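In the two assemblies presented below, subunit A is common to both, partnered first by subunit B and then by subunit C.
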Partner chain A sequence: MAHFDKKAKPFSHQWLNDRLAVDTVKKVLSTEYWIPKNINFLWAMGMILAATFGLLLVSGIFLLMYYKPDTKLAFDSVNYTIMTEVGYGWLWRHIHGVAASVVFLIIYIHMFTGIYYGSYKKGREMIWLSGMLLFVVFSAEAFSGYMLPWGQMSYWAGMVITNLFSLGSLDIQAIVEWIRGDYVPGDAFLTRFFMLHVLLLPLVILALIVFHFATLRIPHVNNQDGEEIDFEESAKLYKEGNKKESKVIPFNPVFLSKDIFVMGIYFVLFFYLVFYHFEFAMDPVNFDPADGLKTPVHIYPEWYFLWSYEILRPFSKDIGLIAFGFAQVAFFLLPFLDKSPVVAPANRRGLFKFWFWIMLVDMIVLTIMGKLPPEGAWNIIGLVAALTFIVLFAVLPFITKFEKKA
Partner chain B sequence: MSSRRDFMGMALGGFAALGGIAALYAAKRTWDPLPSVSAAGFTTIDLSAAKENELAVEKWRGKPIFILKKSSSMPKSDRDIEVGGNRYLVAIGLCTHLGCVPAYLPSDYMFKCACHGGEFDAAGINTFGPPPSPLVIPPFKINGNSIVLGEEGPEYKKMKDAGLTA
Partner chain C sequence: MKEFKILAVVAFFTLVTYWGVEPFAHSQMHKHVEGNNFAYDGKADVEESAMAIEAAKNIENPAKKAAVIDKATKKLAEKKAFWADVNAISKIKGNAASGEALFASCMGCHNGSGVNMGGVIPPSLDHAGSLYDKKYLIALLKDPAIASNVDHKYENTMMHPMGTVKTMVTTPQQIADVVEFIKTKKVGKLEPKQAFLEACARCHADRYGNITQLGEMPKFKTEKEALEYKIKVLAEQDAIKAYMGKLPPDLSIISRARSEHFIKTFIENPQSQLPGTSMPRVGLTKEGFEKVYTYLEETGDPSKDARHALGPWVILFFVVFTILAYLWKKSQWKDLH
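Let's turn to the complex of A and B:
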């Protein structure tokens, strides 16, 4: 048996330390978890995401108390009961809707920060891969949540997305009917997506967030110059009191206080949206109850899925499906397609500079085209943007290899 | 010693895998459509009420069914179903691209899907855009002036054998 200080009072510091090693845990996870000084506000996006997920969890718990996962009751339980009868029900719904939309904006900023500064390679591959897994599961979480109000967009988005699983010309209706538990989205479909949205996927997300944090602990976060910092030496300097000479600060309380400042600004904007501009996250078409015999004039996903939807759209059925499948996994491949060992901001990386900015603009163009009806010039621009996306990934190994020689 | 340990390990692993597979099978079956859902829904539709070149939408197994009575000026197709001396298009009203419900444009004798711009002619054959195949003709049986959907009559079997139903 280990040594316990028998004189320690229950729950005193010594008593807890003997049993839980609280001092060590605190050091490893907070006061001696070193963060480079050379960073900017973009390094706060991770904690902003964690906080936004927290808001989604809390608002979701309140919504869960009045929501009814039944095709006959769901629409009214949201639009009548929660919105008009439940005290402050509107608040939870608007927080949930706005947070679900904004969380993707922050995810994209977080992702493109990582791409810009090269934070996905040279020991940081697992950070990138676990982050991409989080993105995929967040997407599934957003999609399953979108089914729940059982409006027209819920129903038809559910129809279109589940039809993708018939795998194009293979036309395997059995898979689609298995996923739905019916010939068309119905009660079985709604209740199983309800289960996914409120239990299974949040559990997976929580586990992945813990894993994502864990992948960060040993390689540490990157910095604005991609500099390889000797964390032990810098930590020593800091602990000796040479804080000015040291290149690092402790996660808690120093880095966290900066994080919380950025979070403060973010939450001012966030709650401005919740109280005054929530309608951007509420598609008017979804305020019509689901009707399996009437397709809305345009079916489009929420803004954060538009870029990958637009990669599906301009092609014929099978090629579109393959392109769409590629778009979903392409970013996972980034650490392996980038053959350059250089970790530096994109602007200092030769051709990769152009790759980064073209990719960013292309994603924005795809997003805009995805929202516009599939007609005339939009079709051509959409096709070019979709092809650009694929070509960019195909050329990445070559331009980064070239960079190595330069 | 080690072979004994290996045996124990393999026995444990084997039984665990067996249990895992059984659990997966149960999970798969739980997601299957319920018997009440998959029990063939038979829907009888009376065609005598249909008007020429005017689309009627009925419901079968939760899916919209297009009924289009053709006027004499509309082109003939071997996908037409003849009931009581009149020609009809009877098809599942879901675009074969991603399952949206196309709209009928009576003046052009064609269907247009709003989702991705697919087009079908009055026989339900894809003429433009991403749809890879014609609108699906559901299993039917002619019964006097009406048809029963979900049952395969001789006319349906003949069309199916000729590859005209999908």
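Let's turn to the complex of A and C:
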């Protein structure tokens, strides 16, 4: 049995240390959790995501107190009760709406940072995979949340997305009805998506965030040059006071001080959007109440789903569905398709350099085409961009295999 | 510095994406309609009729084509003549005193009794001089269906609920007199809510503003009273539905569902944005529109003032936060390099 200091006062440092090993925990998780020194502000995106998720959680809790999951009451509980009668209800709603959109921008920046610096390979595969899982669950969370105001876009997006589960020409309506709990999106549909949005999915997200942090602890965070660092040796140098020679810094307080500074800048921009430019995150069409008899002229998802929507749209029904399915899992495969052992910024990696920038531009083209009405030249550009996306993944193993071992 | 270069790259791609999915995509999704700055001179109506002739040229069946073109050509001539007359009448000097005598006959219907006549409750004209444009009023007295650009709904425009006005105010001088009376005597300072009630509420409810097609909803002492009122509202809505084809939408948050430009051009000429709609042109003046729009914003975006009051403080807080965080970061990183 462990040694307990009987003289320690309850809840004193010694008393807690005997019982919870607070000193060790603090060392392992913060003061001696070593982060490379050679990093830029993109390394703060993880903490910014955590903070934005925090904002979503807190604002969501306030909204949850007044939201009514009922097709007859939902629209007015959001647009009237919360916006007019609840003190600062508008503020919580705008924070929630803007954060839901901005969190995806940061996720994409975070993802492309990982791709650019090769932070998904050589022992860091689990970091990448757990991150991708988070992306998928965040997408489900965003989609289920989008149903809740029960506006025109909620209803029709719900209709279109659940229809995908009939699996194209197989036309299995039973699955679609099982998901909806009805023939069309109705009360059963709304209440189950409400449950998913406020309980099950947030629980999964919380668990995955813990898991994502855990995956980082052993392989450690990558650095700007992809350099392999001897963390133990560098940590020793740092602790001895040779901070200049050491290549690492402790998570707390040194890394955190930079994170919080970047977070400050982010919050200035974020709250500028909340107060003066929130409408970009709240589609006008969703301010018309859901009407199953009136299809909106244009149906499109929120901006962060547009690229995968555009991989679905230019093809015929079944091929489109397969392409869409591929788009959902493609990024999971990255660590296994990239055959080069080199961990370095894309710009120093031969053909991969072009692969990276083409992929980035292609995703943006897909995103823009996904929103434009499917007609004329937009269709052709969309088709080319969708094919480019698939080809890029197909050629990745070949171009990385012949990459010079720099 | 490297960090600024990276920031520039991130900002560039973010802004391109934003531009593509917001301003650019929306410019491609909605056709652009030029407004006429609330001047009612029939320009848009004549253009629409000319376009109808162009469209008819694509009809394949020759007999049908000839018939449609013939009808459209007549329509164009009719509209041209109509608006030319309106312009001519607008130059006649009206006499408010004789106008007042004629106006008495308007009161037969526009009397505030709240009774549905031929589909809608005739609107109150208490502030008609401030709300509605002079040329529009002239056109309306001449022929309500053509003036409000819904003559496609009526083969014979006498069938319009207000069609009988053509038998009551007949000569150009009489029209000029009545309009002179309305424009000089039926004026006054309008609250935004009143403007909405007089110009829109006979068809459109605004439930967040407590307005139904019967006007502002009173307070009820008992549930029975409330239900009785509700039944009256439902009956009125049924009458409007029968007349308009469907119940016109509630406008509580229309200011968030449509852009200001859309609402502006739509009110000025509903056909420009929704061809074939049964919504009539209401002929608001610029001032009348501004009052109505102020009200739509009040119910559609009630937090505007609170937002603008709080916004600067929250942003200031985070600016100070950022400065302090920067100083802390500098102190933490000073002996690392």
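We take it that the second predicted complex is superposed on the first by the 402 of 406 C-alpha atoms of A that agree within 3 Å, B and C clash if a C-alpha of one lies under 4 Å from a C-alpha of the other, contacts with A are read in each partner's own complex, and residues count from 1 in each chain.
Convention: contacts are C-beta pairs under 8 Å (C-beta built on N, C-alpha and C of every residue); 3 or more make two chains touch, one makes a residue touch a chain.
Keep in mind that this is a model prediction, so the values were computed, not measured.
Contacts of A:Trp90 after superposition: subunit C is touched, whereas subunit B is not reached.
By the touch criterion stated above, A:Leu306 is placed in contact with subunit C alone, subunit B being left untouched. By the touch criterion stated above, A:Phe271 is placed in contact with subunit C alone, subunit B being left untouched. Of the two partners subunit B and subunit C, more residues of subunit A are touched by C. Using the contact criterion defined above for the overlaid structures, shared-chain residue A:Ile368 touches subunit C, although it does not reach subunit B.
Contacts of A:Tyr66 after superposition: neither subunit B nor subunit C is touched. Shared-chain residue A:Asp182: touches subunit B; no touch with subunit C. Of the two partner chains placed by the overlay, only subunit B lies in contact with A:Ser169; subunit C stays clear of it.
In the overlay built on the shared chain, the residue A:Phe211 is in contact with neither subunit B nor subunit C.
Legend: residue contacts after superposition of the two complexes on their common chain; A:Phe41 is shown touching subunit C, with no touch to subunit B. Note: residues 297-298 of subunit A belong to the subunit B contact set and to the subunit C contact set alike, using the contact criterion stated above.
Every residue of subunit A that touches subunit C in the complex is listed here, in rising order: 37, 40-42, 76, 79-80, 83-84, 90-91, 94, 105, 109, 243-244, 249, 253-254, 257-258, 260-261, 263-265, 267-268, 271-272, 274-276, 279-280, 282, 284-285, 287-288, 297-298, 303, 306, 360, 364, 367-368, 371-373, 378. Those residues of subunit B that touch subunit A in the complex are listed here as 28, 31-34, 37, 57, 59, 61-64, 93, 97-102, 113-117, 130-132.
Subunit C makes touch with subunit A in their complex at residues 2-3, 6-7, 10, 13-14, 16-18, 20-22, 24-25, 28-29, 207-208, 249, 252-254, 256-259, 300, 302-303, 306-308, 310-311, 314-315, 318-319, 321-323, 325-326, 328-329, 331-333, 335-337. Of all residues in subunit A, only 156, 159-160, 163-164, 168-169, 177-184, 186, 188, 192, 292-299, 313, 315-318, 320, 374-375, 379 touch subunit B in the complex they form.
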